[in-house]
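Both complexes below contain subunit A, partnered by subunit B and then by subunit C.
And then the complex of A and B:
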């Protein structure tokens, strides 16, 4: 079976042209989407749903930087082991705690603007880690795995912040 | 005068012939049917020239009346005249919190787990059956206007409808004898109509406030691709709630001015609700509304409601629409500067204070150049036309999303999310679980939908049990639960124990849905009493299905048969095809069904090859001829 990069005719590397990804995703969906098979046999409908589902999964994986890095490592046979390996360098853990504290303060003060700033900070940090992972993936895959785990941490905190904002705005 | 051609009964028409396909907007207050004629999407009218069919169904002792006539009788016969039935679709009795103000006799159906029914003089009626009456009326209208039987229909649903509500809508359409080509989200349908009409490109917001539901969808429009970036809403918020605010105000006024005010009966409740709706509509173009009337309990109504009072009474409802709007913008990762246009949909967006609120939020004047009542049906008709295969250029592609997260109950009543909201459809995700105790052989799986962390705060969609897990130590079993959401936004769930292969498959028939047997039974009932009628109808349906498949296979063979099949493979398929066509000349519906099944099975490998070829073609732009296969 083709891997996700091959499916969208992209080079198998972290830095990709997202415009090409978008274009090729749309081209592919235009051919295989279930809407094209409404009058087809049950067998073709099923294959269409499977293929479109796979294309959606592949697209989301490559579009999202953390997922893309994780997938590249997986193709190289390296598990990022995010569920079990939660060991982090001390400085990263400190930054984590600061974010969580800032989040609690904002919750208490019902300050959405502060949460937006927090999101900006984390996005900034994530961008740096993404640049780092792009270099590490070929050179030092084991270190790349740690960077992916860090990115996953940031994604998780961002998710929680977004949820908190939704709660405060309700 | 040109002569119309009619093919021999039972013969399939030529594949290039224009198929009769319609889009149906099954609304809370009004419903419509539209079709594409000579390249133009048009709403179909009834014999009196009405485009809107009031979504009102009145049960008489031996007949059913739908539309204007039923609406006219609602005050005199409130219990048997059902309005806004859409609010009850896929709902249990305990979901309807304002029952006291609705003049119906609600009953809980004990055989189908809490599904609500209404007691009428024609017996107990489920919301699915009542909606089917509206759909039947529209189907008849369309067949009369178009002069033939419909190939299929696209039926719209609020984007924020959950799985139970979608399933109920599809059941109603099937009960009405419609071939459902697709369930389409209302805001997406509106975007299609608006986007194609105005050659719009960029990011658009569809703000859709209907009679009973609110949706907001954010779409990116680009070269015929309509990609939903995020959707949100409230499936129990609409124009009806604005009426209800006036109703409560009116009741307070009358009560305070009448000595010895007696409780309202059903006729009075309905009368006050009708007066309230009229006042709301009047206030769209006027500064104040006079409300006059006499109640059965002897009280007189003579009240004046000003626009300012109305705005005050309903302010919180307007802001209730802005919360989902903000959430959708966040989920899409956009700010108001990114928005090219805001399209207003739904009759309730005629209210000036809604327009002002939307304008203030998005810092731009909303677009209102399409009739907010018709735009959904018009868009659905365009999609139906494409799906039926009438458009040769397939430029149009709709990429929609699931509005609510789907998850499973885990220990402690917590939800483990499996598919997040705003995932592009179709989508599948798997989640692995393990056993809690040594020797555990069964596992209860509880599927829920919603954004909250606790199971009790989410909607329960289905419960099923995976049995026959081989006894193992706690934590050793690997149970993989797979969620698949199809292009209609409907969920199916399967579970499989990985080490032993024990499997359980269910299409999520939500706790409040009908099962396949119930649908079949209802369909049979509606065929008429005579056994011979039922047989004839069943045969006809089997033949229609068989012919649909035969046509699809013939088209596929003509297109790819030479390229993808060996002579022997082709011959096998042809044999099954010929056999099925022969069976269609007979009278054995069971045999036709089996023949259909056999042909489907025989074309499995061919279908897979065609799909692979499509993938290749999509990206290389090469025709099959130039590919090495």
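And then the complex of A and C:
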């Protein structure tokens, strides 16, 4: 079976051209659109439906940087262990605590500007970690697993900050 | 999701929230984090000359189950030796708090925090 990168004719690496991803995704979806299989056999209909499902799954995975990194490691036979590996560098966890405290303060003070700043920080953190993971995946994939776990934390903080901003602006 | 009464009790009245001096040679600090849900837990224990835990404090950012798990273990830790503390299993925490399967990882986090705090203390004391 084709892997997700092959499906969209992309090089199997972390840094990808997301415009090509978008274009090839839409092209593939158009090819397997149900309208084109009205008179097709049951087997062909089934196949087109499966391909559409696969395309959606593959697109969601490659679109999101953390998911893309996780998938690349999975292809290399490395589990990112996000469900049960709780060991993290202490300074990274301290920073997590500080960000969570900053969120609490901002919630209490209804300070949306502070949350916007925090979100900027998270984008910066994510960019740095993404650059790191891009290098690690080719050079030291075992280390990349920890970086993916860190990215997962940053994604979660960003998600929670966004939610909090939406709440406060409501 | 419905929390059990015990989780709610610990969540609403958490025991032993706070910090101990991490530079104190009789204090061990454990920090762990769960990537999947973003929870972060800091657990500190202080031992007396007999090697018995006389104080425990925690600070947790996370869901109610994570807070309840850490609150509960601070109660359990007091009066235990390090070897006894090392024996605390996540299954016992999950059972006491009646955690549903999707929240088991919160109890795992608490168990790992205990082990991390003990390892820190043992490294400090050179044994």
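Everything that follows uses one rule, which is that the second predicted complex is superposed on the first by the 154 of 170 C-alpha atoms of A that agree within 3 Å, B and C clash if a C-alpha of one lies under 4 Å from a C-alpha of the other, contacts with A are read in each partner's own complex, and residues count from 1 in each chain.
Rule of thumb we're sticking to: contacts are C-beta pairs under 8 Å (C-beta built on N, C-alpha and C of every residue); 3 or more make two chains touch, one makes a residue touch a chain.
Quick caveat, the model's predicted, so the values are computed rather than measured.
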Subunit A contact check, subunit B vs subunit C, more residues touched by chain B
First (subunit B), second (subunit C), both or neither: which does A:38 touch? first
Q.
So in the superposed three-chain picture, is A:86 touching just subunit B, just subunit C, both, or none of them (first/second/both/neither)?
A. second
Task: Quick one: classify A:30 as touching subunit B (first), subunit C (second), both or neither.
output: first
Handout entry: Touched partner set for A:20, first subunit B, second subunit C, both or neither
Key = neither
Check: subunit A residues flagged as touching subunit B and also subunit C none
Note: in the complex, subunit A contacts subunit C through residues 82-88, 90, 92-94, 96-97, 100, 149-150, 152-153, 156-157, 160
In their shared complex, subunit A is touched by residues of subunit C numbered 31-38, 40, 42, 59, 61, 105, 108-109, 112-113, 116
In the complex, subunit B touches subunit A at residues 152, 181-182, 225, 323, 326-327, 330, 383, 386-389, 394, 397-399, 423-428, 484, 486-487, 548-549, 551-553, 556, 599-601, 603-604, 606-608, 610-611, 614-615, 617-619
Within the complex, subunit B is touched by subunit A residues 7-9, 24, 26-36, 38-44, 46-53, 56-57, 59-60, 162, 165-166, 169-170
